[in-house]
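These are the structures in question, set out in turn.
Both complexes shown next keep chain A, but they swap its partner, so chain B is in the first and chain C is in the second.
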Partner chain A sequence: MIKRIVVGAHYGLKDWIAQRATAAIMMIYSLLMTVVLLIVRPSTFEAWQGVFANGVIKFLTFLFCVSLFYHVWIGVRDIWMDYVKATGLRLTLHVLTVTALVGYTAWAAAILWRL
Partner chain B sequence: MAEMTINKKRPVNLDLTTIRLPLSAKVSILHRVSGAGLFICLPLLLWLFGASLTSADSFAVLQSVAASLPVKVILAGLIWAYAHHFCAGIRFLLLDLHVGIEKEAAAKSSAAVFAVSIPLTLALWWGILL
Partner chain C sequence: MSKRTVQFSIYRYDPDKDEAPYMQDISVDIEPTDRKLLDALTKLKAKDDTLSYRRSCREGVCGSDAMNINGKNALACLTDIDDLKQPIVLRPLPGLPVIRDLIVDMTQFFKQYHSIKPYLINNDPPPERERLQSPEEREELNGLYECILCACCSTACPSFWWNPDKFVGPAGLLAAYRFLADTRDQATSERLDNLEDPYRLFRCHTIMNCVDVCPKGLNPTKAIGKIKDMMVGRAV
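For the complex of A and B:
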């Protein structure tokens, strides 16, 4: 049994909670969108675009994307920490991962707010 | 300060060819594999999503691209990755809440992950692509 204090500065509790909170948000969004798509059944471009042009869905979709990218950051960082032991390479991969995810966030916003 | 007492001279076996993974370990490693796969394919998914919403023309191009067999196979893989990550994720959240942590219940819930994620993959694949 390892006894340790999990609160305080950077013991990982914040990331642990964030990983689970973002998972819950994405789960709710996935179920909600399944219902929406089953009701609307968009088979044409106009109908498909109409779904995401809706203000509420647009906002929820962006919220999903932000949750996804934060969730991805924690998961991918864990993978680098588990398998990449060389500090310089690991740091490089961390920076590249964050950079890509920040870029994807802007990309997702651009896709949604063109509508 | 953190109190840690770990015996540093524990026996270690990391030979993957001699380790028999129980079902729960397979769920776990596939959770990581599916997550990594989805991460690598994020640019493709964003591009697909963007193209599907840009114009009627790009939407039509996507429809024809998605009709080809290699693309169908890739999309099936991504749908499986999402379905498995989703189902295994629910299992991990329940374990976090101390639901089903007994050996027998945990073995059953690992089997349940596959029992749900594989038919779900087929249903989604059939529903989206056909």
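For the complex of A and C:
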């Protein structure tokens, strides 16, 4: 069978925008948390727990984690697309990456709301 | 200035004779009037006529003599010998199959260029004289139409090295934007559809090697950014 190279999947723009948007969210969160931690200056475990017990901080931290994992998905997928040529193997790696990242998201939620 | 000697280390490969490519150390005497690398190569060719490279206009217009000079893609005819550290290491453009010595097979490069339909698409009957543009509209084409397709940029691009069969590459994308930016072209949406693909356009990770090496001083990264802007403008 002749193997023809087919391109034209008609996606990519949303991911490109998402990668930039998630980067912006992560940067804003990092700046915000730096300010919060400089004000609160938690020195004990209880104080750290207190910072993350705040509902808004919890929500923002979860938003940060989701942004990070989505950002990672696009980046890691790009690496698979660049270096892994066999379609079957690439698809397997994509599925494994998504599974791990969805797992991490649930894990992040579990950690945050267990506090 | 008197005669000078220039030292070279040149990539040699003749598939009919050589089992593997090798680097040849060779020197050549040049005249005071020999200022560009191509002048020295011409002298070298007279000394050893088995050395193969492409050349034509010898003034940076045809784009034939693109090669990897001391690790950086450039045109031999525009590169001053005095600016180069010796021995001057010459290799073929990276990432493309070598036909012989410094000559590469550019089929893949031109395949990508043709895939963006590098011509004006306008289905209206041609007017009696010409399709007019305002000076501002014409201004947008500056920095785009000057590309000579020497392939210095695309063969300096890691994304093109990994996926030359799928990624259009900086030269092709610069040409794509040249027609997207042309107010006389009527296929804007089809052109954007053609490029909206994780491989064809979005393999560009703004590494900017293309901008670094372009012998005409063009900026493919900026053009690629403008294509993305057009896509965002269309979708959002």
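Note that the second predicted complex is superposed on the first by the 105 of 115 C-alpha atoms of A that agree within 3 Å, B and C clash if a C-alpha of one lies under 4 Å from a C-alpha of the other, contacts with A are read in each partner's own complex, and residues count from 1 in each chain.
Note that in this section a contact is a pair of C-beta atoms (placed from the backbone, for glycine too) under 8 Å apart; a residue touches a chain by one contact, two chains touch by 3 or more.
Keep in mind that this is a model prediction, so the values were computed, not measured.
Of the two partner chains, chain C is the only one that A:Met81 touches; chain B does not reach it. Once the two complexes are laid over each other on the shared chain, residue contacts for A:Leu32 go to neither chain B nor chain C. In the superposed pair of complexes, A:Asp15 makes contact with chain C only, with no contact to chain B.
In the superposition on chain A, A:Ala47 makes contact with neither chain B nor chain C.
Applying the stated contact rule after C-alpha superposition, one finds that A:Val72 touches chain B and leaves chain C untouched.
Between chain B and chain C, B contacts the larger number of chain A residues. Overlap of the chain B and chain C contact sets on chain A: residues 5. Residue ranges on chain B touching chain A, taken from their complex, read 1-6, 32, 35-36, 38-39, 42-43, 46, 49-50, 52-56, 59-60, 86, 89-90, 93, 96.
Residues of chain A that touch chain B in their complex: 2-5, 20, 23-24, 27, 30, 45-46, 48-49, 52, 72, 75-76, 79, 100, 104, 107-108, 110-111, 114-115. Chain A makes touch with chain C in their complex at residues 5, 7-17, 78, 81-83.
Taken together, the chain C residues at the contact with chain A in this complex read 159, 162-163, 165-166, 193-194, 196-203, 205, 228, 231-232, 235.
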